[in-house]
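Just below sit the structures, each encoded as structure tokens.
One chain, chain A, links the two complexes that follow: it is found with chain B in the first and with chain C in the second.
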Partner chain A sequence: MSVIVTAILALLGLAAVFGALLGFASIRFKVDGNPIVDEIDSLLPQTQCGQCGHPGCRPYAESIADGGDINKCPPGGEATIQALAELLDVEATPLDSEHGEEIPKQVAIIREDECIGCTKCIQACPIDAILGSAKHMHTVIASECTGCDLCVEPCPVDCIDMVPVDQGLAAWHWNSPKDQNIIATDKMGLVAEGANLS
Partner chain B sequence: MSEYLLILVSTILVNNFVLVQFLGLCPFMGVSNKLETAMGMSLATTFVLTLSSVCSYLAFEYLLQPLGLEYLQTITFILVIAVVVQFTEMVVRKTSPLLYRVLGIFLPLITTNCAVLGVALLNIKKQNGFVESILYGFGAALGFSLVLILFSAMRERIAFADVPQAFKGSAIGMITAGLMSLAFMGFTGLVNI
Partner chain C sequence: MSTSFKSAPSSTLSSKIISTRTIYDFHGGIHPEEMKGLSNQTPIVQPPIPPKLVLPLQQHIGKPSQLIVELGQRVLKGQKLADADGMISVALHAPTSGIIDSIIDHPIAHPSGESGACIVLIPDGKDEWCELEPCEHYEHLSVSKIQAKVREAGVAGMGGAGFPTEVKLHPPHHDKVATLILNAAECEPYITADDRLMRERADEVVQGMEIMAYALQPGECIIGIEDNKPEAIAALREAAKETNIDVCVIPTKYPSGGEKQIIKILTDKEVPNGQIPADIGVMCQNVGTAAAIYRAVRFGEPLISRVTTLTGEGIQQPGNVEALLGTPIDWLLSQYGFQANKTERLIMGGPMMGFTLKHIETPIVKTTNCILAPTHKDLPPPPPAQACIRCGLCADVCPAVLLPQQLYWFSRAQEYDKAEHHNLFDCIECGACSYVCPSSIPLVQYYRHAKGEIKQQKQDQLKSDQARERFEARQFRLDREQAEKDAKRKARAENAAKAQAAKKAAEAVDAGTETQANTASDDTTDTKKVAIQAALDRSKEKSQANNASKPEEVIDIDALKTAWDKTQAKLDKMHDALDDAKVNNPDQVDKLTRAVEKNQMRVTQAKQAWQKASASQNTEAETKIEPAAEAEKPDIEALTTALEKAQSKLDKMQDALDNAQPEQVEKLTRAVDKNKVRVNQAKQAWEDASASQIAKVKINAEAVTEAEKQSDITEQPDVEALESALDKAQSKLEKMQDALENAQPEQVEKLTRAVEKNKVRVQAAENALKAATSATKQNGEQ
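And now, the complex of A and B:
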């Protein structure tokens, strides 16, 4: 009889210890959200332009983490697709033309003497790169502008031009320092240069 | 030292778990369609096999044997292996999301891999010590990995080969595995332990 009791107690004890261990592990190693989304998000250009069909870069990152296509980001272009393919260990596919073509980096310029100060472009800008207030002239902070062209459509007097950024020798600069806390546009430059931001 | 080397050679080649002892055949046939997944599976299996052979040895040596409960070894080892796999999955998921992406789906599969239970039971049967148990598990895992990767590389080529209709798919895989097994039987007599 005592043999059976010992056997049951031994197995119960073992199971209890293991159960406690797993219970502890499930709290200690709890995963908040999906960390892979952050890594994908840091590779995206953060233009928040919505050309991928998602309302911003983070939702797009979430859809990629769920197994979505990685070739829907025209502003990021080939460089972003390569970086994503490397991160996720999948095949790099050419940019899906359905979502737009990869165009050279451009910025919005407001023809200031034609601006009527309607503030519509300020509301449209996803990254707050347009300065100005009601009935006063607006202008674009060129270094912040991601070239998403979302401000062109709402302008009632069509005074916003998309101008390609000069990418010749005059615009060349040393690689920016690798810093996690840099603003989106600098980050985009780093991604284009193939820097590792992870 | 040479004894340890003998254990490795014996488990990897001579007594290969898949092709000579015919353990762990389900992942051998199931995940060998692509070289890449085969590598992921090998990595995960190596990790779990080594760890679980250590844990089951400890459970046997310090729990079952003192209490005279050797007859409970099978059920205990199943419990140990399941816990080790589950714990590993949690830790990997937290510490390395990318590794989890690679290994994630394979880890739970390994719980049901009979080679893992086989190694634990054979360790006891052969009365291996602590270090021998680790090496035996590690060697078995290396053997499993070697065979799985070789086999999946072959299957990738067979997929493009001109195979008669009746033999397409798993059938030619079985034949290939049989031929590989014959080849591995040739290692018999290389080492004797």
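And now, the complex of A and C:
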């Protein structure tokens, strides 16, 4: 009998110790917020364009963390969907065209002679990438612009253009050889030419 | 596959002369056919001045040069055309005298084949030098002066990368350079530019290296040269006799000319991942660069030309030329018998690491060491890639000791993070793996693509992080502004409330009348409340008194209704007042809100009262049906007519149904069914009524035998009515049966059911009639 009592007491003691330890750890090492949201957020392109139907990238990340669709981000495109699918271990679905098409990177350009200085685009810009003040010409800081095109709609004189970014030679890189030169007979028609000669 | 160092014939030869230095080996490497004999037999020639020079502003790694000349300006040979922009940049000079014709976008020497900003110089043929600043003895110059001279001369690494040389003349901050290596390996097939340069201008090369050594003060100076260039070795040895430069012969193996590889061969040191040779105390320079440094310091000549190998079976007179920078390649090749029909492509650089030129008019730049015009036979296009057979040859030859297979899988599957974990960025893109691959997989092309993609992704990540930061900063700013606004508004409201309270207190002390005025609306609502309470009480009394007369009830309900309406109107008014007050008179808002709430309660009370009253009236109306049964005869007649009406309506509908179009059938059928139910109800009511009448009549007959005749009179029309009803029902039934016979198959079922129902009804009518007649008979008998 005393053996059982000792055993129970010992187990109780252990339970109390580890319970206290766990309780302490849960307070001491408490993680604020959902860490997965941060991870998802870091994969999103941060255009803050709202094309996904959420007011910014973080709300979209939160909705994904709650089990929402991962295919609602046109600026990120297939690459983002792939990355999200890998992170969340879900199946990658094609981009939902309801939210827009994947287009090359764009940047907003204000046609400055036409700008009337209404500041509407400045208020619309989610990342403060437009400079200017009331009744003075505005301009876009091209290096900061994410190409979300939220400034285009509020402009009363339609003087904002979205133009594809010219990334120049610095951003050039080799194409994947997967897409090219797969069949020997396709080589610039030379093999075929040789065949004609013979 | 790899030749051991000892078996190399010329290295045994060189080891006879000097073999103090231990030579190490690097992992892997290949021995492609050298093809150097094609171009190294003839001396360097000086081509004529081309009719046009195209000078790209970016011929080096770093920022493009800043243009400092104007259109139409005449410039002299060696005059600066563009200045270095920042630390990692070099200047650009006029290769000959002439006029600046234009600044255009022109295809430049880049694998993309894209265009870049170029200065177009039309030579005037005079080849007139600008004033130079020669210097007999570099030892008299300070190190910084030498660095400045090299910078001003626009010297960039001429081995192929084009890194600004001046940067590499600054010793690293933390410690001094232990080893200065002059890379004379020239390991790629076909290329002989350095070979010829060393043979013909060995003293320039050696003196250039001495200048570098003067600037860097290294512990040792080594020239690493492959053993397949015995003449160059001899020339260098001769030139370096008086110096402490060690001409070190290394075995021929591709890619021993790679910076990291030659460092490994000569010093056995490895450049760690992510670091540069300077981090391990080694500085590496190219032979051509050394010569350019010498000319820059000794004669003040900027870098305006370079030795370039023109080779390949597609060129009739292959060899090395000292071409002016900016010479269009098509023009240059045409001077040496270029046969465009024999070549399928032009390669800038060697066959291993060079790239195909997309535009033949691309100019010669500071990094152009070779133009290769191979025939189809020399350099056939690679056969189609087969599946990887995991032979491991690529791993055997990789000079960077990587796992090319793994990198291939990861690059192909776009698993770039894994490729990075396998040290993709240590790949020097030498192409040895692709060279040995028995499946002809373009391995190095995959790595280049993957590297580009990873860099792009990193850049995108950087940009998106920046955007996030800006977005969050903006959100924070907006939130703060909102909070400030709210705080201000709150403070204002508090102040206003305080002021109001103070005012009120003062008023209360002064006079009570104003307070009354303030609460006037409350008083009116109170009177209203009394009225409604009275109405409520009344309605309660009335509902308790179930037997109360109907007219009274009606009035009561009406009164309640009007009371409710009035209170509702009052409430609406108050709401308006409240809205007004909100705008104009914030201090009254509270009071009015309370008043409105009170009134709302009243309205609901009134409404409830009205509803109760009307409900009780309804129950009374129902209870009144019983006494109404006393007026049997008119009631039954009314019921009968109702039944008849319903029946006739049903008949009409049935007809309509019969003639109806298919799409309307469903609707009509539903309507008919409804009507049938109504008819049924009417019939039921009529039957009940007549049954009760019959019962009453029986009672009457038993009780009042004297009133025989009277009952006869009353009952006779009833029986007649029943008879006519029966007739009607029967004719109806007949009609229906006819209709059933002519009906369409899908309607048959419905009609059958209808007929059966009607039969039942006819039966009921017959029974009723029988009962009625028997009752009359009994009456008559009695």
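By our rule, the second predicted complex is superposed on the first by the 155 of 198 C-alpha atoms of A that agree within 3 Å, B and C clash if a C-alpha of one lies under 4 Å from a C-alpha of the other, contacts with A are read in each partner's own complex, and residues count from 1 in each chain.
Simple rule for what comes next: a residue touches a chain if its C-beta (ideal position, glycine included) is under 8 Å from a C-beta of that chain, and two chains touch if they have at least 3 such contacts.
None of the values given here were measured: they were computed from a predicted structure.
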Between chain B and chain C, more residues of chain A are touched by C
*With the two structures laid over each other on chain A, which partner does A:Thr47 touch: chain B (first), chain C (second), both, or neither?*
second
Next on the checklist: Applying the document's definition of touch, where does A:His173 land relative to chain B and chain C: first, second, both, or neither?
Outcome noted: second
What is the contact status of A:Cys57 with respect to chain B (first) and chain C (second): first, second, both, or neither? second
Inquiry  = Once chain A of both complexes is superposed, is A:Pro126 in touch with chain B (first), chain C (second), both, or neither?
reply    = second
Overlap of chain B and chain C contacts on chain A, residues none
Listed in rising order, the residues of chain C that touch chain A in the complex are 58, 110-112, 114, 116, 344, 376, 381-385, 412, 414, 442, 445-446, 448-449, 451-453, 455-457, 459-461, 463-468, 470-471, 473-474
Listed in rising order, chain B residues that touch chain A in their complex are 59, 63-64, 67-69, 72, 75-76, 79-80, 83, 86-87, 90-91, 93-95, 97-98, 101-102
Within their complex, chain A touches chain B through residues 3, 6-7, 10-11, 14-15, 18, 21-22, 25-26, 29-31, 34-36, 39, 87-89
Listed in rising order, the residues of chain A that touch chain C in the complex are 41-42, 44-48, 56-57, 79, 82, 126-129, 144, 146, 169, 171-178, 181-184, 187-188, 190, 194
